[in-house]
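Naming follows writing order (A, B, C and D), and every chain is counted from residue 1.
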């Protein structure tokens, strides 16, 4: 499905060069104050602009087609649409014949029998994440006072992010990065044993973000190299606070009241300002493709707010399930 | 939910020291030959016995309560039950008061208000994964000729697994490990853009396994340190084969016909043969707990077959969705 | 949820007097030719105009915001939006205080804490069924050559529909009616025993239509008055054709290859051109409300195409599940 | 799926002549006192015994394989199993060749390719409803003080039930009936507009019961013959109480606080103590079948408790969703 969530259900739609992208949210409680200005900060964080991000310019003005009335959510489906203005589809004709390495061009052709909207990656485009960020804005308000913060802690293997970006721009190449996400004040008891483990749900949504290659909670891959006597987090009080947090705030798939901590590996941008080797699907012979369009040199730069959105969506769903968010927000 | 899957739906039940554990599979096609002997090899791989695994002994004989008739699946719900024989619940009384670090004892108490079956971790126990392995056996048969293989590639930070296990046994401690899983002959086109990305579904089920701390596909966390020119997998033929496989067989959330490759980080066993610091929930004072019961020194040793099962369950679901598995298996 | 379906999933959004209504379809196969003109006939049948239907006028021009490219479906989410033009919200202020009998005004206030869009019933309005009809257009194309036909067989207890409508218009009142729906060439084998019985799914979607009060399959309520020797349908050939069709084309929850037949009871329109007794929510005293806005005298007149849509949506889902509709429509 | 529900999810398994039937309940709150004796009354009402019901005898002793500990639910999946003792499968050989009219024998063969457990109808058997009744027992406790009562109001077209049953037994035939179900003290606000309308969910589960042919809410089919001025229920107080209840306690798909009322049409038992015409699947020629096994002359006699269970399951799910049932029952 192109939707996720049991009680706070988020469905994404749209293509990079179609008329619009957006999100349909089903299950948002009624009474939540919501207006375009609430979205500005997060959309700005996702929007390109900084060095190393794409030159595509979109106003990203949220249009509420349903579910908001008199400045508050109504409790019925909430449709938020973003128009696509800065479209330049002609640039993408070549990828039908010579699919771009690292992109979904080839698999989309196989899966959808050649009927996919190939322009700019179509529905596979990172452009579609604007809807995810919008859903995250709503979710973040719902889960207050839980506070989520993600930041890029490493780019191209270095912690000096700006320097790494400058270097790769100079070289006409791209780099990836690692984003760390933390959530404070998460109540204990969210998640289920086994299939709806908190990690399962978080990883599910995080891997829905194009470009993610790995996720680890708490000590993560390093845990596999620790001894149990070192890795176990001693419980220090009756609220379950632990002396260390190697578990990343989750035990047995359930949040334990300590800060939620995970890290996400983001691959280097697949589109490069240089020719790349691929196959010519007409002839079966080797081909070359120059990634047209406008691209990030380091797509991880724009990732933190998207990963925050993924986290907020999962927490909103779990907090509704545990009845920690009321179905009607009288308070605002 | 305690179930997963859209067309091949797997629901787990049971507690470590209850009467039984097992799995209810909904959506298994009719006509698949299935008998107890088909389960022996995988159950053996999961069953303890080797050095470093728990001393608990269970026959693990699958009982088909429904869904199998005359040696074949009927197309209606398939219930497989495993009786719990080797139960020794008395050993667990202390954990109500002094919850074990690294275990779900504390969060289970919070979430279920003290009504959880705490004996041996109850429904949070690794014992419940026997049902997952059983579902994996069914799924593996459905997805043939797709072949899944997982193995422990590192334990306690070392590649010499046996030596690492001997060392930790000697020290009265525990270690974790890293499991690598590969699937060959996966058809291209499985998965969806965004929420049902192949990585999303695989990570969802893999994190449902107790003890998993991280997952990475293809180059994984290392991808975050590569440049795009190095990381991109050049496409070399019209079937989409790539010269390298840094993507791990998935592009845009869709399998691309190359081998599926991912790695899973498993934490060190939380139960240790030595006292551990915790809190006394009656007094709020520091307490100590000795993990009673029987435990693995390296639970990663038994993980490969469980991770294979998780993979097979996801692939069965996706292959049914893409109509690559018929609803009736006439062939056997 | 405001969506329905396992493989062909339909989600409705919008309010009577909001900016737009529409439908998000997830799971539509790729390659299906689709353009605005394909919707004209069914939207016309739903659109008011005949004697006895509301005076509200909407162009009902489908806008494809996503999921259609070069005149065919892409296989990714299909968003169809209809703008609301003929809005006259001022007429509805009174219903906040004096909820209309037979409408959802009162329950919406309770459920959504007063935050609902009350204008014209908001999301509870029959206006939202335009999205259902649009989804039905897509579904009908998918299930070809299965052919669905519904018609009004009784209005206000009479079979002479026009006469009944004239009479009720003269009296300034409203009437209900009974719609019979038939589907020809339905393949045998659709549906599941128990929860996804074909009747369960059809009834689920049919009762989602505002104003429906009952549904019966085949002999229906009359079956409860027949003897088994009379009611049983003798099987007459190896294709399962039966001499009679008291079962309405379904046995054990599964279609049996005979025509699918069911009847739906539609209540009289709740809005009347005369004052009605209600309560004044401010005072608790008796109040009166005159249904402002524009309404059908017999909403059953516009029901057949909506019930056809409900039927087509269910059949599309079940036929995809049984792999009787391919995931890519190469044929058009 | 063979399961139903969003928060209180019920999955049925088992075959008439397999080892066991039962139910897996996912999402039952923790802390609910539950023991075998709680099931006795409802299982007795479903169990045959009265004149006109089958001679099959089953102890119907519920076995809790998981999810109950120290006499209370644990919050994790609850598996209740009923062993099949009184099996006499030999009687069913003939139906492979000459499928019984009115039964699922023919469609099961088509759908499952001949691999179905045909004995006694297999998974299509009314025997499987014992699991539904068991789930209903749990649900009824959860929704207290909501009280559900169903009764047979008509059998074979007559209100003198006993006389109708005696007559049909004398004639060696079968009859159907009509069951009326009422729920008192249902809170207002349950259900959603459109797809999860309260009627949609109730009808979904009611039609999952073998033998149901129709359902109507409130005035039902009679509403289609009323005028709006007569049918509308005037609201008489600020709690939404109405002077009449033609709506059956539901407006706009949402419960309105008045009693929930609906009626269900049950067909006459398909199995008759006399030969019936069918086809011989080997030859395509007309065949005859005598329904072997043991059967009800009026299966509607045992329906009320099953319909109550269906109602309770839906209400439990909706009340959990509206946070009217806590996730942990401290009170018992």
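To be clear about the criterion, a contact is a pair of C-beta atoms (placed from the backbone, for glycine too) under 8 Å apart; a residue touches a chain by one contact, two chains touch by 3 or more.
For clarity, every value in this text was computed on a predicted model and none was experimentally measured.
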How many links in the shortest chain of touching chains run from chain A to chain C? 1
Furthest chain, CA centroid comparison against chain B: C
So, in whole Å, the Cα centroid of chain B is separated from that of chain C by 44
Could you grab the centroid distance between chain A and chain B? Build each centroid from C-alpha atoms only and quote it in angstrom. 26
Residues of chain A that touch two or more other chains: which are they? 1-3, 6, 12, 76, 111, 123, 193
Chain D - residues contacting chain B, complex: 1-3, 9, 11-15, 18-22, 24, 26-27, 30-31, 63-67, 69-70, 72-79, 81, 111-113, 115-117, 122-123, 328, 330
Complex contacts: residues of chain D adjacent to chain A: 6-7, 76, 193, 321-323, 326-327
In their shared complex, chain B is touched by residues of chain A numbered 1-4, 6, 10, 12, 99, 101-104, 106-108, 110-111, 121, 123-124, 128, 154, 156-157, 168, 171, 173-178, 188-189, 192-197, 199-201, 203-205, 207-208, 210, 212-221, 223-229, 231-238, 240, 242-243, 246-248, 251-257, 265-272, 274, 276-279, 281, 284, 286, 300
